[in-house]
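Chain nomenclature is as follows: A, B, C, D and E, assigned in order of appearance, with residue numbering initiated at 1 for each chain independently.
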Amino acid sequence: MTPLLELRNVSKAYMRGVFGRERFVALQGVDLALDEARPTIIAIAGESGSGKSTLGLLVLGLLQPTEGVVLYRGKAVSTLRGADYQRFRREVQAVFQDPFAVFNPFYKVDHLLQVPIEKFKLARSRHEARRMMEDALQAVGLRPEEVLGRYPHQLSGGQRQRIAVARALVLKPRLLVADEPVSMVDASLRAAILESLRRMRDEHGISILYITHDLTTAYHVADSILVLYAGRVVEAGEVERVIRAPKHPYTQLLIDSIPWPDVTQPWGSKPLAKREGERASVGSGCRFAPRCPSAMPHCWQRVPPLYRLAPEHVVACYLYESEQAAQADIARA
Amino acid sequence: MTLQESPVLRVRDLRVTYYTDAGRVTAVNGVSFDLAAGERLGLVGESGCGKSTLALALMRMIKPPGRIESGSAVVRTEHGEMDLLALDEESMRKARLSVISYIPQGAMNALNPVLRVGQQMLDALQAHAPHLSRAEMRARAEAALASVELPKDVFDRYPHELSGGMKQRVCIAIGILLSPRVIIADEPTSALDVVVQRQVMETLQRVQEQLGAALILIGHDMGLMAQVTHRVAVMYAGQFVEVSPVQAMFTQPLHPYTQALIQSLPRLDNRGVFRSLPGVAPSLLRLPSGCVFHPRCAQVMEVCRREPPPAVHTADARFVLCHLYGDDENVAPRATLTTSPQEVRR
Amino acid sequence: MAIALDPQAPLIAQPSRWTLVLRYLRRNPSLPLGLVLLIFLVGFGVIGSLLIDTSTRAYPLAAPPVQPPSAEYPLGTDRDGRDLLAVMVRGVLLTGAVGLMAGTVGIVVGTTVGFVAGYFGGWVDAVIRWLTEVLMTIPPLVLQVIIASTIVDKNKVTIFTMAGVASVLAWMGTARMVRAQVLSLRERAFVNMARLSGMSNLEIIFRELMPNMLPYLAASFVGAVMGAIGASFGLEALGLGPVREPTIGMTIRWAVYHSAIFNQWWWWVLWPVLALILIFASLALINRGLDELANPRVRRTE
Amino acid sequence: MPLAYLLRRVAFMIFVVWSAITLLFFLPRLSPINPVRERFAELQRSTGWAPRDLERLVKVYEVKFGLNKPLHEQYVDYMSSLLRGDLGYSIMRYPRTVGDLIAQALPWTIGLLSVTTLLTFGIGTGIGALAAWPRSPQWVKGLVTPLVVLAAIPPYLLGLLLIYFIAFRAKLLPMGGAYTLGRFTGPELSFPFLLDVARHAILPALSLILSTVGFWALGMRGMGVTVQGEDYVTFAEHKGLSLRRIFYAYYVRNAILPQVTALALAFGSIVSSGILVEYLYGFPGLGSLLNAAILANDFFVIYGIGLITILAVAVSMMVVDLLYPLLDPRIRYTRA
Amino acid sequence: GGGAAPEPTQPEVAPTEALEPIPGAPSERPRAPVNLKEVPRNRTLIVNYGGAGGQYTNQGITNPWAIGFNHQEGNALLWEPLFYYSVFANKEIPWLAESGEYNEDYTELTIKMRPGAEWSDGVPITSADVKYTLDTLIENDALNYHAQVAEAVKEVQAPDERTVIIRFNKPSPRFKFEILSLKFDTGIPILPKHVMEQMYDVVAVPGDDDMVHSGMFNTVQTPQQKIFDLREDWWGFKTGFQKKPDVERVLMIPISDMTTTAQRVVNNEVDATLDMRPSLIRSVVEQNPKIITHTGRQEPLGYVDWWPNSLWVNTQLPPYNNPDVRWAISLALDRDTIDRFVFNGVKLTTIFPYPEYEPLKPYLDRVRPRGEALGAGRFSLEESAARMQRAGFTKDAEGFWVKDGQRVNATIHGFEVIHADIAPILVEMLRRGGFEASVNFGTDAFQRMVDGQPGLYLYGHGGSLIDPYATLELYHSRSSQPTQAGIGGSNRFSRYNNPEFDRVVDEMSVIPPGDSRLNALFEKAMDIYWGEMIDIPLIQWLHRIPYNTTYWTNWPTQENPYLNGAFWHYTFPLLVLNLKAAA
């Protein structure tokens, strides 16, 4: 059966520089598949600039891949027309990373919720629409009468972010791209919001691409995780395995660097390598090589393929060359 | 942790109000605290409780319809003391970035899209250290970029060519550019991955320690607070409800809100369990009577509904705003703590 | 786990719509001022037309020539014996109409075209860009003169045809600017958000992007109206306007022809100039008063 | 700059120029006016020049100007002579060539109008920016309205008023012309001459400035308002930058972008924008020439000036397009 | 200087070589500034005149035969005729000719040339130049006066250097006056044979500043100004024919705007200028006591020009082909109102297509009662309505005349610069009379008149000065063309066609002015003119020219009427010779 969402060898290059001369590859050869029958929360983790948001935009059809194809229900997103397109729009939603920019400064914040309700005819009456908005706002811990009717610049960052999440709750899509949805709310609310995301999956069968660099929350809310480094998947798999026993040196570094809310636990045991000019020096090899404590000579020559360590765990590192080489595709496993 | 005798920043009874269509929003409601040189103070609290407003008030950057209603914020510099809230415009301008700097929340839009990153850094240097030569300025800017782990070429890039995290780091680099006495970092790392977070925080710490500057770290990430700060102030509805040394905060939170916060932290050992505080923060437009937290408080008492809680300063230099702790400085907590005290190593 | 709202939390009443409008006007006094001026002008024209028989008094031979203002002719008369009060009543309406028609056409066409070009890009953009650039490169006066001169029967030249000619070229500047703005606006995240919310391209253009350009559009509109009035003056100066109609432009034209300034018939120059000043002042004030609507961030304290 | 883009843009410009010239060629020919006959008629009226068989003469001259040929042949002729740089003969001043007439008028127009356009742009944009700048004093904020109101007065009338009060009554400046006639027989490169020209240029320049500065101010104010309150402006304040620097680099710099486009256009259209003022002050520029050509239905001069304007606008628009990404790095050539 | 730079002779340009560069055609590249001598202001006559859009468009076209030559913008100072004629002095002033005598039956004219006259390059002016001038006019059909001269002249002989004999095809009693004398805007100057013969095409060579000429000035011309400097070596001074005038320089500057021009006059920047509207001249006179006019400082502040204006009618175009309609229009016009509104109460309306000049007065006085009896110049809306009804018109709901569902298109075509003061008044009066009138001042007004598209147009009559023939000739059917076919020659807009009228005119053509046989013929012609209302006579044209006496005196005035004051006429040199520098 066709997966809900499928990414086949997707790459994205940006043109950079004033004259668009510099080609910058933000994402390279990513494969991914999501089944509708098995609603999943996939965490996309990685350092900043590793291409997480780019991946999200590609899934949303807001960017066109330079290579490869993004399929929604078996059809390439870029070619969707008419009813298919409407359906795609309705079913694939997002919480964007920057809660400041998603608001049109001209409108009061209500606009963000009103429009989809109106466009997707989610409510039969204005009263009902209002009701839905209020419910969703309350679900993310906002007081409707306090935030509605205000302009975005009059709200705090966390308030705005929560409105964006509330919007997703109203819409109940099939697939939600949540790009750092809770980066600006406090711990207690964060728990509550993540809880409601998880309930979306459980109660409404919504799959979620949870883009974050906060591995603790990823660990708590996601089923599986995809770790990106410089535009490439370095490790992916079931969240329990990856977080508990990270295999890729970068994932290990990441997990090691989590600031645990525990004064007794020191922050990071591994040293941080300098990254000065790293990109330039990589050439054709593994992008992490310059920082990798266990880099080997051939790491600099060729990009390591994905090796399958377990049915639900792949890693792109020559350290595991001995293991069975997997087809670079976790989805078709 | 060595705290010097006289604080580098002394804030007293700071009040900020926004005059909105719906009414007056008292975003900062009588906040007082001291900050020692070299100290790192965490500032946590529910979103919208007034953290950024407090920071902006210290920067004197509250814009209409907001207004600083009262208070003082005295900074001690080598040239003596100055009350930020009483300075004239020009002196305040000079004080910004060189005496007190602010790394904004949502750094995404804080950079001018049409100027190169480097230029925006040079601008800052030009404004405060015009005696430097161009080469020196450039060297300093590049050093600052390097200290936040940004490659050199960022200097010549435009903001839109950077990822969110990179932009945030640029803002941090700008914030430490002039070695200020007080650095306010408003969720500086919320957009950063943990590795970079660590790097950035280490940098911030390093710079701050070198300068002997005080750091106010605003954020939600209790983990970060635990790892970075000396003291944590918990803010609720415009007020400081608790200020405690970080160990004490995590091991023996006093205020019921703090307790709830600590409890909702995710742990590695109980995956998939979310614990959060029920209810919604009060509207700053109409604060509840008595203690602002009472509607959500698990240990609410009759007095809480009626009377505002007393400010309690405990012997171990903690501060709490709660009826549970009497009004005498030396009174021991009346209530039992939900987490049992632990031995703290720091 | 739901986050329940505290039932005891007091409800906050949003002020009513009218209160908000009133507060807005109080914060932005130039808006009501501009509106009052505009209403005054329209009222002057409309009520004036009811009280005075402009169909004769605004035309020659209705009064003795060159009378300074007096009780009988409150604004005086001109050399051809028009009663200037009647002329102003009719002129304000006619010129206002020409300006508004041409300005509106210009801004509507310009905005639409600019948005379409900027938003859709591709060949639509290419064609529009070609068309606007071509039309923009040709000196407007030349085009207008040529167009106007092809209207053979000058009897048929009405203020409508004049407004038409004036508006033919009023839209390109707006179109180009709007396009440039759209190019930068459409990269904003809220456009993506709107698309996710099921908005069609057209809706994104009109509901998301357009409002953000209001200050520019308002300025553009004021500019377009002025431009149109200016263009109509140009046509009238070349004898390509409705020569007999007492528009403000023709009135000034006649005053200039008869050297009213030099002859010190000040009233003949003063009133039309005053009328123009009031028209534009009201537009400029309204434009200014809309700032806050366009960019809520500029809002000042109560 | 990618060569491919540059070439594309140049090709587009040439295409635009060609289209505009074509349009300009055909439009006047759609009008029922026969310029030769109108020219002769005008000669008759003004001088009593009166050959008996006018119609035959009209035919002869139509042949001389090529106006007797089918339209498409005229078009081919015209285009091919254009390519040779030959603008043909002026009808109203036959046997003078259009090229000569333009060569004579162009320096005046460039001198007067480029200076005033720049001045107006500077003043208008400056005032507009200040008017939208929250920290400006109240009176500066209110300055735009009177400027707009000034723009409301038709330039022609404004010019007359200036002449009347400043030149005629106060006798401060000359009433018109480009230099003191009789004192100088023609343009020369000498200090007294330049000084004289400058004195003569003040009033026309002033009328132009006063009647257009409001538009610039209005446009800039509009953009300034939208930039206001952007986070980067706020952050610049956080950085403690001087107000001056914030004003220029973070506020004006961002708000001015659309104005730059407008400036390019204004440069292109200086000929037609100056037409009335040049005419009123008897300033010997392209505007006066164009005015005369329009009055005389002199196709070929209109084409010639049209061509200059078309080239000017097309080139300046191209330059703006090419430079815009430098001003606004967010816009990239690849999508232009 | 000197005309010695002959253009190489070139073959005639074939019409097919259109737009090819003309060999030897002038170039107008900016020249090095000419260093002229300093002339003090009180020796400089500054006149503000002409141009288009504030600059001259014909500077350097000094060849009188070149297309675009305009004698009005100063070039009259360069060229000389055989005779001048001053209408106010009512006398012929022999110039290059010493005398010119007709034979008995006006078929032969013998001209004696003035000895000592020479061209600016020193070549003597002889009978050969006159013969050349006339012969070329006969041969070259691109030239002004070609038709008139070719029709009249059989042969020109120059038996010796000083004698010219012109033989005519039929009696031509007016040839000397109409063609060979310069007055107002008519007549021909004599051109230098030796220079003209070198030109490859006499209508294409502009001449430029160094054109060889005979007049007493040299010129330097730019689009901004035309400078004329007195020639010390002019033949008239050398021979003692004329005394050196006080005027050493004439500076002519183009008009951009009449009000500004008025201000220049008031400020003494300018000594004289184009004629002005009534109120403007009054303001000018009021604002500077040094300024006078033909009538001093009293109304009407001007003199009658030779150009009375009518509301011309296209007599071929329905409904204007019906004399009743033409009469109805005339009856709907209230001449008193025109005088009051347009002319500040000065009576300028007329029933004649003639200027009321001294030589014409006897003729006009003779027919005046006939015109008045017929109702010319009368204002009566009832009579007008009666005429319209007789023509089959009825009034519609809005009070406009209609016939067959068609209103009368009474758009008046005219020229804004000169008719904008009267046209709106006429329109209003016509509308009151039931004609749907408006104005058309389009740039193509002239073209439309030429094409005969409009029914009504305002224009003058460049006709009679000394006897009634010339004006009547304007209505001769030989200049009448069918509508759409354009028109004939100068000032001929009439499309009137009446064999009986033609016969009268033809008969007059061979009778010399002053002959009493003209009287009866004139009466007959005017009976037809008024009876048919060929055009609707409206106003005498007044030249209200301000003369500034700050620097110059002895302007031609009522008291001293040696000339008409229009310096733009061919008689400009006569004015210059008479002006006296103010003390």
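Details
By our rule, contacts are C-beta pairs under 8 Å (C-beta built on N, C-alpha and C of every residue); 3 or more make two chains touch, one makes a residue touch a chain.
Remember, predicted model here, so these are calculated numbers, not experimental data.
Counting steps between touching chains, the shortest path from chain D to chain E takes 1.
Taking C-D and B-D together, the pair of chains sharing more C-beta contacts is C-D.
Seen from the C-alpha centroid of chain E, the farthest chain centroid is that of B.
Distance between chain A and chain B, defined via averaged C-alpha coordinates, is recorded as 28 Å. Averaged C-alpha coordinates put the centre of chain A at 49 Å from the centre of chain C. Put simply, the C-alpha centre of chain A and that of chain D have 54 angstrom between them. Touching two or more other chains at once are residues 259, 263, 443-444 of chain E. Among the residues of chain C, those in touch with two or more other chains are 1, 3-5, 9, 12, 14, 145, 149, 212, 238, 256, 261-262, 294-295, 297.
Shown for chain B are the residues in touch with two or more other chains, namely 21-22, 106, 108-109, 274, 276, 280, 283, 285.
On the chain C side of its complex with chain A, the touching residues are 1-5, 9, 11-12, 14, 188-190, 192-199, 207-208, 211-212, 214, 294-297. Looking at the complex, you find that chain A touches chain B at residues 16, 45-50, 53, 97-101, 138, 141-143, 145-146, 149-150, 154-159, 161-162, 180, 183-192, 194-195, 198, 213-217, 219-221, 240, 243, 253-254, 257-264, 266-268, 272, 275-279. Against chain E, in their complex, chain C makes its touches with residues 59-61, 65-66, 79-81, 145, 149, 154-155, 238-240, 243-244, 254, 256-259, 261-264. Chain E makes touch with chain D in their complex at residues 13, 15-16, 18-19, 21-22, 25-31, 33-36, 39, 44, 46, 51-55, 57-58, 61, 66-72, 141-148, 184-186, 204-206, 220, 222-225, 227, 249, 251, 253-257, 259-260, 263-264, 266-267, 269, 415, 443-444, 446-447, 449-450, 462, 485-492. By the touch criterion given at the top, residues 12, 15-17, 19-20, 23-24, 27-28, 30-33, 132, 134, 144-145, 148-149, 151-157, 160-161, 164, 168, 214-215, 218-219, 221-223, 225-226, 228-229, 257-258, 261-262, 265, 268-269, 271-272, 275-276, 290, 294, 302, 305-306, 309-310, 313-314, 317, 324, 328, 330-331, 335 of chain D touch chain C in their complex.
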